[in-house]
Amino acid sequence: MSELQKNEELLKITDLKTHFFTHKGVVPAVDGVSIEIPRRQIVGVVGESGCGKSVTAMSVLQLISRPGKIVGGSIRLDGRELVGADINEIRSIRGNKVSVIFQEPMTSLNPVYTVGRQVSEAITAHQAVSQEEARQRVVDMFKAVGIPEAEKRYKSYPHQLSGGLRQRVMIGMAMACQPQLLIADEPTTALDVTIEAQILHLMKQLEHDFGTSIMLITHNLGVVAEVCDYVYVMYAGKIMEQAGIFDLFDHTAHPYTKGLLNSIPKPTAEKRRLYNIKGMVPNLLRLPKGCRFSPRCEYARPECFEHEPELYDAGNQHLVRCFLYKNGGGPA
Amino acid sequence: GAKAAGAEGAPAEKISYDNIMRLGEVTEVDTCDGQMTTEYYDIPFMIFDRLVEATSVGEGISEIIPGLAKSWDISDDGLVYTFHLQQGVKFHNGKDFTAEDVKYTFERMLLPETGAKNQDFISPIKGSQAMMDGAAKELEGLEIVDDFTVKMTLEQPFGAFLASLATPGCGIYDKETTMEAGKDFGLIPEKTIGTGPYYFKSWVLNDEKLILKNDSYWRGAPALDGISWKTVADADTMRMMFESGELDVFDCDYAPTQIGYFMSNDKYKGNTVIGNRVGIYYYTFNQSIEPFDDVRVRKALQMAIDRQSILDNLFDGRGQVLSGIMPPGLVGYNPNLPEIKYDLDAAKALLAEAGYPDGFEMTITQSTNSPDTLSRNEMVQAQLAKIGVKVTIEQVDEATWYAVRADGELPMYTTSWSADFNDPDNFLYTFFAPGNTQKRSFNFKNEALSNRVVAARAITDNDARMAEYQALEKAIIQDEAAWIPLFCKQHIFITSNRLKGFRVSWNGWTSTWHYYDGLHIEN
Amino acid sequence: MQEAIQAAEFAEETTRFMPPREDVEAELLDDTSIWSSLKSMLKNNKLAALSLAVIVIVILMAVFAPIVAPYDPNFQDADNLRFAAPSMAHWLGCDELGRDVFSRLIYGARVSLVIGLVPTLIAMTIGTVMGLMSGYMGKKVDFIIMRFADIVLAFPSLLLAMVVMYTLGASLVNIFIALSIVKWAGTARIVRAQTLSLKEKEFVEAAKAVGVKKWIIMMRHILPNCIPNLIVLFSLNIPDSIMSESSLSFLGIGAVPPSTSWGLMVYRGKQYLFNYPWLTLAPGVAILILVLAFNFLGDGVRDALDPYLKD
Amino acid sequence: MARYILKRVLISIPVLIGVVFVIFFMLNVVPGDPVTLMMGEHIKPDLIEAFRERMGLDDPFIVQFFNYLKNAVQGDFGMSYKLNREVSGLIFQAFPHTLKLTLWAALVAWIIGIPAGILSAVKQNTLVDRGFMTFSLMGVSMPVFWAGLLLQYVFAYKLGWLPVTGYKTWQAMIMPSLVLGWSSAGTIARLTRSNLLEIMKNDFIRTARAKGLKEGTVVVGHALKNAMLPVVTMMAIQVSSLLGGAVMTESIFGIPGLGRVAVSAIGDRDMPLLQGTIIFTTMLIIAGNLIADLLYSVLDPRIRVE
Amino acid sequence: MTQALLEKNAENPAVKGDLLEVDHVVKEFKVSGGFRKSSAVVHAVSDVSFSIREGETLAMVGESGCGKSTMGRLILQLLELTSGTIRFEGRDLGELSGEELRHIRKKMQIIFQDPYASLNPRMNVFQIISEPLTTHRVYATQKETEERVRELMRIVGIRPEFINRYPHQFSGGQRQRIGIARALALNPKLVVCDEPVSALDVSIQAQILNLLHDLQKEMQLTYLFISHDLGVVRYISDRVCVMFLGKLCEIGQTEDIFKDPLHPYTQFLLAAVPKPDPHLRREKKALLKGEMPSPVNPPSGCRFHTRCPYATDRCIQEEPQMREVRGRRVACHNVECLTIQ
């Protein structure tokens, strides 16, 4: 590795804009998002449904298709620009240097092929290896991701596996070429808690064993707290707050993040009313003027309805998109 | 499996069609046993011989010539016919033809268990009724004098007896093989044996029937190697096959509307063979139904139909408008019969007189699968509208049509009839004999006339018989207006360039034993 | 290199489709009634719009036939106009009896459209009721109805129609009966399948939990949700009926004169293909265009109602 | 597997009996009289009566029905009224021709329908899409007899490239199978297209792309097999419509198949033959459905027969 | 009934006697497997007994497919029992006539998980909420009905002017409120909440939980609250029963169970929940191995034994019965020997 590469982040997304051009209007699903993923780290992206987490992830591998389009910004992987790159170049990265696992293990595997075949396909697509070798590597990978009876499972069809196993297969597929970056889009949302715990444990292990960076997308703050090193909080296509994991929970800055955390029924809490953020996520077609969270914000001030705040530094790699922190201050 | 079944009945060896006449037909036939069918005579004509044959010797004139009977004597009272048979004639399987075969053939026709349909033609023979009733096992009036002489005695004199023996249903079968074949006779080529100029080679249902020449035919082998009939359900397809050289003859009866096209096309100049059909097109009246019970109405309708226009437009004018029952070519045809005029005013006046000044509503019934009939009915529909008669065309399927007609309940319909044998009896008796008039939905009410039709059969003096028929014709058609005669028409065939010597049979039928006589192919 | 470019283009072409997500849809579309989806489909799908226009024109022509048709369709002038070639006076010429083909075509459209519509309506009404009962009641009712449907579906449909027509005789009403008998089962199957899946929906359970009666659930909760499917089926069944009629006409058991249908005109005109081709080409092309139009419209409707079909 | 087949066959039995009953009923309540038709022009009432008795036509309907059923089980479908031959023999003679025609037509339907469906799906809403769909739907939109006639006119009559009729040579088979196949190509194209579009929306397609597969591999390797599954089932349902279309195709192209037998049997009121033909085609359709189901379960691992 | 008496509840004064008693209830589904596979029996609910007291919230937790929803539907008579009895207000529901059943349905309602599938897309809000009212002819006039619908809408927090809108014009949370309004229309006593918040975002989830909480107080509702989210369960319920593969493992006061889970399955379940606090992160965590066995052929003996690290031979052979341990009911042979992790 060259000196230059070593210093640069593995993935650097700058001011990414991905819009959907629907017949009802332009949906700015991702509206100027910057995310950095250093090597050997698990970076979380959290936010409510529809805030643009998946679209961000898909944009990295240019898996956005009509009516969506990346309309601005840059995505640099290892210093290489991906936005506007040749489709063949992107294809050589997909599943190779960067791979993804999706939320729905039920539907993300092709029902008519054996899982072994589907995983080995990921290898043969990028590396000139023999069928037999690919097979062996898949079996090894299955073992690595904790699939019991890996040899036998190679020949299984997706429907013959439980949800947890399928998600392991997906992870195995993603890890098959030992990628530098694994994008996990809500990998545990569809799973039971006991299985979720297994999968999260596995991901941490993978990061540890293979040195793979992970971009973990979730809406579950519990999951974030459990595994992430650094966290981005998204709201309506924008990053609202980003901080190290402890900072985020100990010194929660943005009113939105606070709201989210308070909404969760605390295990220790007394039975009193839960805090809740009033209103609901805005329609991206009719975003409010000024700060997009302002209509729901308890702390909103006149300027919040007029101007869009920037990401203000709250120190210690903690950035907040809120006028409250414009001068390094905090809410009263 | 499939292969074996498909090949069944198909000629095993490759047959060259270079010298085979290729014909087409629209519907598959039920049997090639002439006794069992009233509809299909092509193959029965060619693979069997009859005792006598009917041949045309001039425009519309037929003559009885010897067949398997080389000569015959008729007793003076017209009751006893003695046939002297050809000697040395062999069946296709090499067996000798003798008087025994004639007796067997005739008795087979009459025995109820055979279920034959053409008994009519030999029913004048004494004792035939007893056989048909199952009362007798042998035909009383048929006597084998020796191996080559047969004597037939009739119940009463019947002038058309010889002519009816020439009908295709009276072909002579080989006793031994026919008995052996049983139900398969007429169905399985190898078992369907005759003495004719061709033998039955193969039959693939809905596809092709093939007969090949009988090299040892007693009159001498035919010039053709054989004749093939393709079953082509669609007449337009058949026409295209003919025009692209896949058939040798196109029978314009399948597409009368195309006559003009063929006749005016230079390509077919000299390839048209025209014969007069000894037959007639007509409309019926059901006299049991109002207002057809009124003779004035019937006469009005007779006058309101422009027969010439129908003939011109639908048959390219190829034929002749008729005003009676008997067509030209039939013995007893009356060229001097007064003409029924097309006269709308007179028709209207008659209708008014009958109490229908504004016309009435009526139904013409036809079977569904006949576009030609439909065109005819549509023209009549339009023509009758001019005298205020509103016609509904009702279409029913063929079976229903026949069934309803047999019950005497069709209100009005159009069809045609052509001669089986050359005698007026074949027309007048068929339509106006007491039982028959009901079965054909005429319900002709004049019993006196009907009885005269029956009585005419037994008149021994031929001239007197003809005179009676002509009188009956005038009375029934012109005085009683029992039907609407339309016209007789020509039967037109278009032949391929290579086919020479194609002739039409005396009565205009498609089936003819002329396929033997003088027909050949020049490649 | 060349290859790479092609591959890239291929990717462009194929990846351009990404379905709008349901939740997104819910948020974005304030008005997603069936009606408005169809309207926007017509706006975007020119072929479907054109097809609709064709169908509307044919319907109008049929309805206003006496005004539109230049001549009485049954007026014959065989002696003068027999096989008259197309001309200013007779746009599509005249037939063997000297009738104006264009006028007959317009009147024939009436019969063809009625044959397209009526049996489809009857069959689908029967099929819908049967399918609903079968799917919702289940058990014996289901078994009996589905065995009947099996019997109908096991017949080669044209043969069955032929047998029915022969049994009943040729007439317009009997065509309706024959085609309805042949077609109800298909609708019944589809409605049943959809009923089975709707039956499991939570809103049906909610209604049951409230104590809503069976047949009200069927009418209020199941049937309305089958409507998109029924619309699609309807638009695809019409051309099917029109084609069936032409087949029956070929077999001589279709429409009955003097009324004429396009199928019958094609059949009767085909003998003049060589010399007077307009007699068969005009009605043949008319059928082709009308049936294509119904098919395209049906496809468009299906695409437009796609999200509803999955409910 | 064997149990499954057996079960399906058993289920088909009541359906078959129902079919027989329906046909029997319809043909026995009709006004038309087969005997009259058979006997043709020269009818003698006593003969008709004798014949009726012999054929058992005077028995009560239900007796006739059960007699028929009893014989049918033993493979005896009676004698054709009109052709005086055993119905089973007639059917087995005609069947291979229909089978051949249907298979050829199916081939044509697939050759036209599937690529048209794929290309239209891949190029959705473009001119290519419209073009291919129009072409394949045209087959559905033309009366078979009309399309057949036009083809004959052009290729046999005008150009002389192909024989007008026939079935014995491959040249002769071209037009009939084209006409018949084209008529069901539209259905297949439409189904292929909509399935493929549907499948392309699936998550696993995204997975395949995310693996770095080429777009062609994604469509052909991942989407197509899934999309083809319902098309396979369609094929069985098409047996019915192909058999129906064969009625006319056979008439026009002079092929001595089942369709011809059925049409003439209906025209002749040849009940035994008609019944036999319909029962036989019904069995074919049921068998077609069974085969399609089995094929489906072989192709689709989710319901693979264990 | 006896077990119900055993569990004293002093804390919640609103809680009275038993409203619902579930006694040895079994539900098996016959699945034909589409005649390809030989038909099988799904043991969805196997011999489950518990009771719900008037005014309390009983939560039912367990992994996907363990039979929670089936239990809820059985109570509402949406499914037929295979065996056992369910008594509501002391009356055996299985013995009621059709008319009686219809009557008693007014007192039991259900709220579903999926806000999209639970509302008929072809009916507007008024039609949806008024359906229970019109079905039971509660009001004589349309006007009264509409007034009640508006009131219900206000209660659940939907603006009454949306009365003519269709479901697709609402967000997930709003749809859930409509579903709740429908369930409350007839003033039921018991509401079965089948994962009412699982499909919602946390912020919306909090709104709905608050709403349910408020409604319970105002209308003296009794909840059977089905969920797999232990955080939510702990927040909302008075008592919890834990299900595993169609069987109850443990049932008791919420706080008791969360503080001191007895059944090994309960222990692992609680341990697996990710805590929204990075400081509670543990590198070494007790993970439950494997997945849920199939309900088609459940394991012999204790159904949990295949995943249980403490399983003994006895667990494999003998099915543990519910028994009283430390003020709770537990089905485990080895409770006494186990210590909390």
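Brief remarks on what is shown
Labels for the chains are A, B, C, D and E, by order of writing; each one numbers its residues from 1.
Definition applied: a contact is a pair of C-beta atoms (placed from the backbone, for glycine too) under 8 Å apart; a residue touches a chain by one contact, two chains touch by 3 or more.
Quantities reported herein were computed from a predicted structural model and do not represent experimental measurements.
Chains touching both subunit A and subunit C: D, E. The greater number of contacting C-beta pairs, out of the two interfaces B-C and B-D, is seen for B-D. Among the other chains, B has the CA centre that is most remote from the centre of subunit E.
Each chain gets a centre from the mean of its Cα atoms; for subunit B and subunit D, those two points are 39 Å apart.
Mean C-alpha positions place subunit C and subunit E at a centre distance of 48 Å.
Centre-to-centre, using mean CA coordinates, subunit C is 21 Å away from subunit D. One finds 88 Å separating the Cα centroids of subunit B and subunit E. Contact of a single residue of subunit E with at least two other chains is seen at positions 171-172.
Within subunit D, contacts with two or more other chains are made by residues 30, 32, 145, 149, 153, 209, 214, 263, 269, 304. Among all residues of subunit B, those that touch two or more other chains are 236, 369, 396-397, 400. Residues 14-16, 18-19, 22-23, 26-27, 29-30, 32, 122-125, 130, 133-134, 137-138, 140-146, 149-150, 153, 186, 190, 194, 197, 200-201, 209, 214-216, 218-219, 240-241, 243-245, 247-248, 262-263, 266, 269, 274, 277-278, 281-282, 285-286 of subunit D are the ones that touch subunit C when the two sit in their complex. Residue ranges on subunit A touching subunit E, taken from their complex, read 48-49, 162-165, 192-198, 200-201, 219-226, 245-246, 249, 259-261, 263-267, 269, 271, 273-277, 280-281. Subunit E contributes residues 63-64, 171-174, 201-207, 209-210, 213, 228, 230-232, 234-236, 258, 268-269, 271-281, 285, 287-288, 291-292 to its touches with subunit A in the complex.
Residues of subunit D that touch subunit B in their complex: 30-34, 36-37, 39-43, 47, 50-51, 82-85, 90, 92-97, 99, 145, 149, 152-153, 156-157, 160, 163-165, 250-257, 260-261, 263-264, 267-269.
Contacts from subunit C toward subunit B in the complex involve residues 74-76, 78-79, 82, 96-98, 166, 169-170, 251-253, 256-258, 267-268, 270-275.
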